[in-house]
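First chain A sits with chain B, and in the next complex the same chain sits with chain C.
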Partner chain A sequence: MSTLGQLVFSGILIGGIYALMSIGLTLIFGVLRIVNFAHGEFLMISMYGAWAITHYLGFNSYVAALAIVPAMFLFGALVHRLIINPALDKPHLVVVFATMGLSIFLQNLALMLMTADLLDVPPIFSNSITIGPFFFKAELLLGFALTILCTIALQWMIRSTYLGKAIRATVQDGEAAMLMGIPVPRIFLITFSLGSALVGLAACIMLPLFSVFPTVGLNFVLIAFVIVVLGGMGSIEGAMLGGICIGVVQSLSSYYVAPAFGQMFFFILFLLVMIFRPNGLFGQKGASLIGMND
Partner chain B sequence: MFLAFVVILLVGLSPSLNDVLILTFLFAGLSLAWNIAGGYAGLISFGHAAFFGVGAYTSTILCLRYGITPWIGIWCGALLAAIFGASLALICSRLRGPFFILSTLAFAEVVRIGALNWVSLTGGPEGLSIPPVNSLTNMVFSSKTTYATLMLGYLFIVFAVTKFLEASRFGYYLFAIRDDEDAANAAGINPVLGRTFAMAVSAALTGVGGSLFAQYFLYLDPTHIISPELSFQFALLAAVGGLGTAIGPILGSLLITPLSELLRSYFGSSAAGLHLVIYSAGLIVTMLYFPGGLAAALTRITRWRPFK
Partner chain C sequence: MNSYVWRVIKSGVIILGLVLASITIRVNAQEPIRIGVLLPVTGPFAKSGIEALEAMQIAREMINERGGIKGRKIVYLQGDATNPNAAISETERLITKDGIKITTGSFASPIAIAVSQAAERYGVFHWETTGAAEIITRRGFKNTFQVGAPARKYSQAAVDFIIEDLSKRLNKPVKDLRIALLWENRAFGKSVGDGVRLYSEAKGIKLIYDEGYDQFATDMTPIVQKLKDVQPDVLIAVSFPNDAILFQRKAKEFNLNVAAFIGVSAGYSSPDLRASLGDMVNGIFVSDFPPKVNVNVLKPETRKVADEFYKRYEDKFKRPPAGHAAASFSAIWALFTEVFPKAKTFEPAELREIALKLDLPEGTLVNGSGIKFTNFDWPDEPKDAGQNLRAAIGIWQWTKIGNEQVFPPKLATREAAQVPLPVWSNR
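Take a look at the complex of A and B:
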């Protein structure tokens, strides 16, 4: 029983961190109606950035977030300006292939500059934390807490601020929003940059838990896609719940079946959701039709 | 154009260039096969490596276990790949746009992880090796030129199928489904059936390419044969060349495969990944400025009459 509990709790914690990585993706999808296939590589370069700060300057990766998050915001703005924005008025496929090209570009640039070696940072906390009969890595608990904080802040931003309202208006009807004087292109720019900044934050939280290497993004982006679809594309709470589901499924199946099959389980779960609930487990009706903007 | 290829073959190139030629023909055929689903039927799949792997494993396992010559095994592989393709199309029949793309990606990952863990059948991560004994029945040759001819033959078959589809009633059904599904449905075309058949044909031809690849490299393991990178490559060659045209994927492979092979051999050890950096940068620029790919750009140039 306590093994099961331990597995479920670690699954929830790791799932929360996966969710943080997926929120940027779901936000960009919800507002711009595009899938950014380079999302995993954004995670990868942020992890390398955080690694460089810890390795050369000696700060821990949570401090590195203070530099990485704004840097990724600017990087996102640059990518939007150079690649996403020019592709938006072209057929849907152009964005798919352009972001795919960007993903291959960044992956191989990292391979050239950093080689294929796995890089790690030394553990930040020496002890794990005991709560009742369960043990947790302190990094995992802190990461989960930061994720929750971040989700709440983001929800507040979307619900209550002027920017959030403008974003929601753009999601509901881009043309009407434009007629009401909302600068939709700028909303797109800000959303894309915000999504990139969020993945930067996720990278800093993940660095103490996972090694970084040039193709690390591919592993995680597949998980992120599964989570985003499970939660319903464009939904932040959905991403949170989807992340936790995936975390628990992965943690249970890798213990009770085999670690290698753990991955297979959530791809099968993904396909099942696609077949029976294409709008996601918690998504609203018709969500699977957005993204068909051509 | 095929005549030009045959001439190149007959003249005979240096052995290192022969390798480039083999890969160029093979990838031209593969991306042309991808194009039947991706370009003509609008089924953008990032899971074709699964069909490639199914073809490669079927012919190899039949040959190693049961001594069935790859000349027959290839067709069994194609059939099995077609079944996989048809099931994928049926599973995803309600999905569109990014959802379809992501599902194909997940499908290929399921096949890859399955192959990786079904050790008794596929040899798992250690992979399978085909003994390098030259013989016609085992489809293993000493001469690179023979392989190049084989790949050219494959390219020709895929090209012929594409041209046939393009002109057939079924091809028009596919265009109609791709361009406006509701209108096609109203006109009495069954979109699910059309898509399933297009996917099956595309998958079968990709499976044949997989078997040929196995016969050439004589070694296969799930990580390389069913990698997402391979799926992306089929799609990207077609996209650079021009989706939904018979000539586009050939142009794409003709330009990019030799370029990336040459860059790889020049910079190989000193800068791993450089060829892909250049290639992907080229892809982004092509997609943004020539969304129709090389084929469209060429048409524009040939139709350009400055002194009319």
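Take a look at the complex of A and C:
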């Protein structure tokens, strides 16, 4: 019983981390209707940034977030300006190839500049927290709490602020939004930057848990894509729950079936959701079509 | 007079022609020997691939400074074998576009499988330095030579170490030891895992846990939990660097303690491990190519080469070479100094004949290996043509300051220490 509990708790916590890493992707997908294939590499460069701050300036990686999040916001703006925006009105495949090209470029740039060495930061808390028979890594608990906080803040922003309303209007009907005086291109720019900033935050939280190397993004980006689709493309709380689902399914199936099948099981879950709820667990009907008609 | 001048001119022209011709011939004679080096220098295997390349570049510098092979310099043409597909196309590119007839590399087993396949298709001589999966030399290929140890040797070293050394240190007969096996489920990990299973069965040992996992897994909780359930005395883990680090951290988090931990190859032998885990690595045993062996096992002339290699490597990169780097150097140096000097045409068929005739005792290569290839006449394993029966594999141990070879006794620089391994709170 305690084993089952441990597995479920661990699954939820790691799932929270997966979710945080996917929220940026889902936000960008939900608003711009593009899939950023360089998402994993955004994570990777943010992790390198956080590592550099930790390593050279001696701050811990949570403090590094104060610099990395705004830096990634600017980086996102730059990428949007140079790569995404020019490709937006072209056929859909152009964005796919553009972001894929960016992904390969960033990976190899990192390889040249940082070499293939695995880099780590020293653990922030030296021991894990023991509650009854359960073990928790403090960094993981903290990461989970921050993910929840982040989800709530983002939801509030989307629902209650003027910017959020403008984003929602853009999602519902870009043309009408533009006629109402909403600067849609700027909303795209802000959303893309915001999505990138969120990856930056995720990176700072993940750095104490995972090593960083040029292809680290590849290990996570597949999970992120599954979470985004599972949660309903563009849904933030969906991504949260999707992440937790993946974490728990992976944890339980790896233990009770075999570790080699962990990934297979969450893809089975993914296929089932696709068959029975094609819009994802929380996606609105036709979500993937809104915005493409204009 | 005129005719005399004419004759002088004519003979002058002839002499000039001859001189020119001889120069051309000499230029031909000094044409470099071109070798296709297929290693992953980008992508997930880049870290170790680059380390292997660096070691092989030192070998090239050393041989060229010694005047090359019969006056011919060695030139590398590189292919970036990031993954098996890239490995095939890069190998084909070097063969078809650049006319390469000798290939080498390729660090990781999946890449070695692909490179040797492409090379074999074109009848190109492939000198595999470190790829270990058994399948590399079990497809009946004529031109593939696996100089590093085949996977079962990694397995046998680990199991022999348990039987001959650990069981005494732990004061437990081997049959009472609880031995667990964890392997990453791609070509190398599976191959070694199969080897451990078969060899321990043959030795009458029953594994209490035996499972494969995906090396790109992001969460080690279920695996560590399972191992906690079975409580092994000795854990053998076949891993790559990132998963090895994730596993050790999770083991610490969950307080999974074992009396001895034997990591196999790339993950546990990677120099990154200490940078990432710090003192957590101390006491971990590693079954792999020896990074540095007891010099007494080396032949005197090999000792000189070894000294030069280690000095150059450490001066250049400010760290000692990892086992696979030393193995890459050893293998390519053997190609330069044992195979090439006997070659005239440098055609694959000729090189193959020379390679099959090699009979070098252990201690000939810098990492303690010798060379004796199996060939098609070998009775037991008819398809093992090109497996090196004298490749050195042993066990070394992470220590506070570096590493020490601890097994087999012949290669050892020190006895095994920290057995049983202190629990996490004392490490």
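By our rule, the second predicted complex is superposed on the first by the 282 of 294 C-alpha atoms of A that agree within 3 Å, B and C clash if a C-alpha of one lies under 4 Å from a C-alpha of the other, contacts with A are read in each partner's own complex, and residues count from 1 in each chain.
In this section, contacts are C-beta pairs under 8 Å (C-beta built on N, C-alpha and C of every residue); 3 or more make two chains touch, one makes a residue touch a chain.
Everything numeric in this text was worked out from a predicted model, so none of it was measured.
Per the definitions stated earlier, placing chain B and chain C onto a shared chain A by superposition produces a clash between them.
Within the superposed three-chain model, A:K137 lies in touch with chain C and out of touch with chain B [touch as defined at top]. After overlaying the two complexes on the shared chain, residue contacts for A:R168 are found with neither chain B nor chain C. Of the two partner chains, both chain B and chain C are touched by A:Q263.
Look at A:L111: by the touch rule set out above, it reaches both chain B and chain C.
In the overlay built on the shared chain, the residue A:R277 is in contact with neither chain B nor chain C. When the two structures are aligned on the shared chain, A:S254 is found in touch with chain C, with no touch to chain B.
In the superposition on chain A, contact is made by A:F220 with chain C only, not with chain B.
Of 27-35, 45-53 or 117-125, the chain C stretch that intrudes into chain B once chain A is superposed is 117-125 (criterion: clashing C-alpha atoms). On chain A, the surface patch touched by chain B in one complex and by chain C in the other comprises residues 107-108, 111, 115-116, 214, 218, 258, 260, 263. Per the touch definition, chain A reaches chain C in the complex via residues 3, 6-7, 10-11, 14, 18, 107-108, 111, 115-120, 122-123, 128, 135, 137, 209-211, 213-216, 218-220, 223, 247, 250-252, 254-255, 258-260, 262-263. Residues of chain A touching chain B in their complex: 29, 34-35, 83, 86-87, 90-94, 96-98, 100-105, 107-109, 111-112, 115-116, 214, 218, 222, 225-226, 229, 233, 258, 260-261, 263-264, 267-268, 270-271, 274-275, 278, 288-289, 291-292. Chain contact summary for the complex, chain B toward chain A: residues 44, 91-92, 94-99, 101-103, 105-107, 109-110, 113-114, 116-117, 228, 232, 235-236, 239, 243, 271-274, 276-277, 279-281, 283-284, 287-288, 291. In the complex of the two chains, the chain C residues touching chain A come out as 42-44, 46-47, 49-50, 185, 211-214, 216-219, 221-223, 225-226, 229, 241-242, 245-246, 249, 252-255, 270, 272, 275-278.
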